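Please read the structure below before turning to the comments.
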Amino acid sequence: MAFFEIKALQKQFGGLVAIRDLNMSIEQGEIVVLIGPNGAGKTTLFNVITGVYVPKRGQILFKGRNLVGMGPDKICRRGIARTFQIVKPFHTLTVLDNTKVAAFCRIKSHEKATQTSIGILQFLGLEDKAHIPAEHLTLTQKKKLELARALATQPQFLLLDETLAGLNATEIESMIETVRKIREEKGVTILAVEHVMRAVMKISDRVVVIDQGHKIAEGPPEEVVRNPEVIKAYLGEEYGHT
Amino acid sequence: MKTIGIILLTFFCVFYYGLGLTYAQQEVKVGVLIPLSGGLAVIGENLQMAHDFAVKEINEAGGIKSLNGAKIKLIYADTRGDSKIGMSEAERLILREGVVAIMGAFQSSVSYTSTEVSEKYQVPYLVPNSLMDAITERGLKYTFRVERKGSLWAKDQIDFIADMGKATGKSARTIGVVYESTDMGQAIAKGIRKWAPEKGLTIGLDEGYPPKTSDMTPVVLKMKRANLDVVILNSYTSDAILLIRTIADQRVNPIAFLGSSSGYSDPSFIKEVGKLAEYFFDLTEWTTDLKHSPLVQQKNAAYKKWNKDNRDFNGGAAFCYASTYILYEALEKAASYDPKKIRDAFATIKITKGPAMMIPWTPIEFDAEGQAKGARMLVVQYRDGQRRSVWPAEIASNKPVWPVPKWEERK
Amino acid sequence: MGGAKVTKGRWRAKEPSKVHCTERYEVAYVIGFIEATISGILMGGLYGFIAVSLSLIFGVAKIVNFAHGALFMVAMFLVYWILVLLKVDPYLSSLIAAGFLFFFGYFFQRLFIEPILRREKETAPLTVILLTSGLMMIIENVALLLFGADYRTVKTGYTGKVWEIAGLFIAQPRMIGFVLSLVLILLLELYLRKTNLGRAIRATSQDREAARLMGIDDYRVYKITFGVGGTMLGFAAAFLVPFYFVHPAVGELFVLKSFVIVVLGGLGSITGAFLAGIIVGIIESLGAQFINSALVESLIFIIFIGCLVVKPTGLLGKQRE
Amino acid sequence: MSWNRTFPAVAVSVAVLFPFVMRDPYFLHAAITVLLFAFLASSWNIIGGLAGQHSFGHSVFFGIGAYVSTILFIYWNVPPFLGMIVGGIIAAIASIGIGYPCFKLRGPYFALSTLAFTEIFRIIATTTEQVGPVDFKGAAGILIPFRPGNSFVNFQFAEKAYYYYIILAMLILILFIHNWIEKSRWGLYLAAIRDNEDAARSIGINARRFKILALMISAFFGAMAGTFYAQFFLYIEPILFSSALSIEILLIAIVGGAGTLMGPFLGSLILTPISELTRTYLGGTYAGVQLIIYGGVLVAVMMFAPQGIIPPLAKRYRKLFERRA
């Protein structure tokens, strides 16, 4: 059975159908990137997977267990961590404490949690900011902190919500490097939502394209980018027929 | 320059000497606990005027003779109608102001708690108008209460209804008690439940409504459906006004309405409700047309002339006035500033003359528990805005109108 | 209602022997309930109307305004002095009072609430609750100092007048107040729907950021909302003064009840608040016929919590994610 | 941070010596009220400060504590210190019933729902009179039978100094517990929930369970304060459940600095004397003026220092501290 699978997922807000009959699956160790025009339902899908929204129909199977109906905290303990598109740091806590509180998800003792947290901060290059309250960080540092926090819960499946948005070229390069290292060194399967196409081409094993809450294309990045349906969804009607 | 110095010097000596003289006369400090802010402020102000008038008369007549003319000085403390504040204010009066005696509290729950404090510090506490039975049922040595016990108020109300039935042949069978769910309301309701069966009256409605009710119509409709002969009401001023107006609107017509003082005897109630209060009976401890002693009319006239909005005494105010004189008599008897001696004077006092005789029973003395012996109540009926005493016959000066005309037939 | 002849005034039929006992009893019982329901509707409508201005303020600016009762008391004193000094018809005085109170509401928001709104993006409910509680204490006790603690009522042409329909007694001022409230509610709904200022208010209530992006000056909108809230309080006061008393602490009777009504009716929904007011009025009136009226009050709070938990957007509010 | 250690140490030593210096029972009475409200605000601080859930229902637990220990003392002669523990447990259980519905809500709704609970309890306490052997006496309130002399069994003392040291010990206890929780794993969880509940849930924290746990601890100590109040004033009444008391407790914690260790103590040190002094010197003559002043303080603090006094001071001090490090 697949590492992670979504079956006939349906989610709507009143009349607006956010996710329409979506099916997809991800294998262990893959890096899959979700792309699609704004308002396609990408973040909604993330919120449904992580239990923030309850879907109308459909199943979300993680290692064979259905997650629908579970709260975000239970899903996290099952091994799925996420970052937020709009950063949500614990602003009164220091960077170290932000990470430590996430590390407590698996580790109970203070010293071990501190060591793991410092390890993760070094891995992400944030260790010199360890004792500064999160509110004093720059946006990029806050995004890294989101990642640090997600990793601290030692997940097997990591959801990244536009982690590259708002970064400059060098920062994007280093973030891609980090994401790749996360997969190699920590064996974490990654599902990411990204808009920076250059990064998407470089980092993803597979790309899934969503439009109006429905999957319209899937496959290796080179192929998907040339798919007329995808272009039409992105650039509008008249470009679709090249 | 020197001469100016000398003149100034002598001036200061004379000045200080003169001051010293007046200072020689000692002052008898007495604490008074009453609600001066919050919902009951209007009643508190009324009682304050009565106390002040009595002290003005006493001091002008030469103060406490046995303490070579010492003047009484009243120190007021606002209980805000809260028993916790009543307790700490009582303690402040005793410890910081050094009062030798305390009067007050008007509300039963506030008197109930502040008398515990005065007992602890052994300072005599005279309670003019709180009715909760427990105030003088706890074996306290330093508490003395002039007002009749709450449960006995209910007995008088039931006796009045029974007497009216005998006198006019229109006897009531089912009565209702509607009261604001406060300490006073509950005390009287408990009394009604106890005494009504003894006179063969069934209770058709026993309704305690929450204080600060915004609309009385639901309670009045319940009253109307219960088909009551007599409705006994107990509320503070705001509910009293709302209740009477809604009863008039809904044309509720029992044989009679019978109030239990407090809200119904408050001057601002009569002023606001006007002729709607016509024929309304009210149990009270005092009224201006009692015939048992000329002092009643004399003192009321003097008070009316003295106070700025020429108000009459109502029951509560009259008892504060008379209690201040009871305190005066006790101070004269004790001839000392020592609270213990003043307490002993209260315990053994027996007043048969003087302005304290305004109270409709004599002699004025306290039993072992500090409860005024022979304390009794009377019933008045509102006739064109005046509270006319109608029961009991020996001290009342008017004939009651029973049953009360229907709302539709009133002009 | 059976053939029994219902006598005027006295609830017992003149000749008890003639009318079959259960029928007599059953008639009075039924009339009792109709009357309780009607009085519940009338008073409930007025409760709703008093709560409408809170629904506007709480709905639009998310301000938990504990000084609502004190503002209402100020409105009642204003109407009282207009009636006593100018001897005008109470319902006419409402226009004058409403005018004054628009500015009172406007500057109340400008001086006290706005500085906090400017400082914090989303006002922590705590700061506003404590601030408005403090303002309530100040306003009520200044009124106590100025006007004293007496309970005041006004004898207007309508006070004490009663219409009698088929044995039911309906107090005139309550009925007139109810009808006028209904009219004003509809006017307010039209205002909010049709005028662009009304749309601005509704936009700001749904999403303050989006409204600002559309060029709406949300601070001006809040001041106007408080102003409109003040006008509504002016009218409500004018409807209540003919049959109610005026006192510095009168506002306290309506504060918590208004919050219950606003939440039951759905935040910011005007008709919702009015209907919820009627529902609360009926529960209070009918409930009191069965159980002790003190327990009815706690019943209303229990319904309040139940509604908050089950459907926070209120009975009539839309379920917005 | 030495600030957090020096201030409590100094405060405690001054507090311990105070009764020897101040003989006048009235000032001792005022000092005890200050400590009582500091304790109450500190107990609120665990749910309001650490977990960031601004509950307006704290007077419910205070009232439960007062009634439970008094009834156990009067009807079953249970020593009040034991009654205090039983009251605390009952309040903690009640807090689950209150917390479960209310924690589903956020912001103004949460505040209003907890406020509604105080009204419900106040009404029930006002209307219940006789239940089985126990007479709740409804609105009249219950007087705790006066036992002369100093006795720990009856929790009643002739000299006020005993009360003073008991409430001081209780305050020190709760400050330690606050400190222990803040430094513990739970403390981090609560801080995470306070800063951003959604983010906290996304990293595996069962937010509602920890909020209820914090509320239970807060309720337990709130009830303890209720028992102390009952034994100190020897009188309890339904008004203990009033929303006004909840707001007063909240205000003291906020003025001092919600979430900080010494915030509530500082808040009570400033506010309680104000309300005591203005009532004594102004209460008698100018009715209501003391409430104007109290309201004025409330408005001023909310307009100019909503996070209270300690956070700005601590920030300034920490900046100082940082620059040197």
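A, B, C and D are the chain letters, set down in written order, and residue numbers restart from 1 in every chain.
Note that a contact is a pair of C-beta atoms (placed from the backbone, for glycine too) under 8 Å apart; a residue touches a chain by one contact, two chains touch by 3 or more.
In this text, all values refer to a predicted model and were calculated from it rather than measured experimentally.
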## Note on the structure
Shared touching partners of subunit A and subunit C are D
### Identity of the chain that, by mean CA position, is farthest from subunit B
A
### Query
Between chain pairs A-D and B-C, which one is joined by a greater number of C-beta pairs in contact?
B-C
### Query
Just curious, how far off is subunit B from subunit A if you go by their C-alpha centres, in Å?
76
### Message
Just the number, please: Cα centre separation of subunit A and subunit D in whole Å.
### Response
43
### Inter-chain centre distance, subunit B versus subunit D - centres from mean C-alpha coordinates, in Å
37
### Query
Which residues does subunit C have that touch at least 2 chains other than itself?
141, 144, 149, 292, 294, 297
### Query
Multi-chain contacts in subunit B: which residues touch at least two other chains?
37, 41, 44, 181, 208, 210
### Summary
By the touch definition above, subunit A meets two or more other chains at residues none
### Task
In the complex, go through subunit C and note every residue touching subunit D.
58, 62, 64, 112, 115-116, 119-120, 124-131, 133-138, 140-142, 144-145, 149, 256, 259-260, 263, 292, 294-295, 297-298, 301-302, 304-306, 308-309, 312
### Task
Provide the residue numbers of subunit B that touch subunit C in the complex, in ascending order.
37-42, 44-45, 181, 207-210, 212-215, 217-219, 221-222, 224-225, 227, 237-238, 241-242, 245-246, 248-251, 253, 268-269, 272-274, 276, 406-408
### Task
Enumerate the contact residues on subunit A facing subunit D in the complex.
50, 52, 71-74, 76-77, 81-82, 84, 88-93, 97, 100-102, 104-105, 108, 110, 149-150, 152-153
### Message
Touching residues of subunit D toward subunit C in the complex: what are they?
### Response
54, 56, 101-102, 104-105, 107-113, 115-117, 119-120, 123-124, 126-127, 243, 247, 250-251, 254, 286-289, 291-292, 294-299, 301-303, 306
### Task
Would you pull the subunit D residues touching subunit A in the complex into a rising list?
185, 188-189, 191-192, 194-196, 198-207
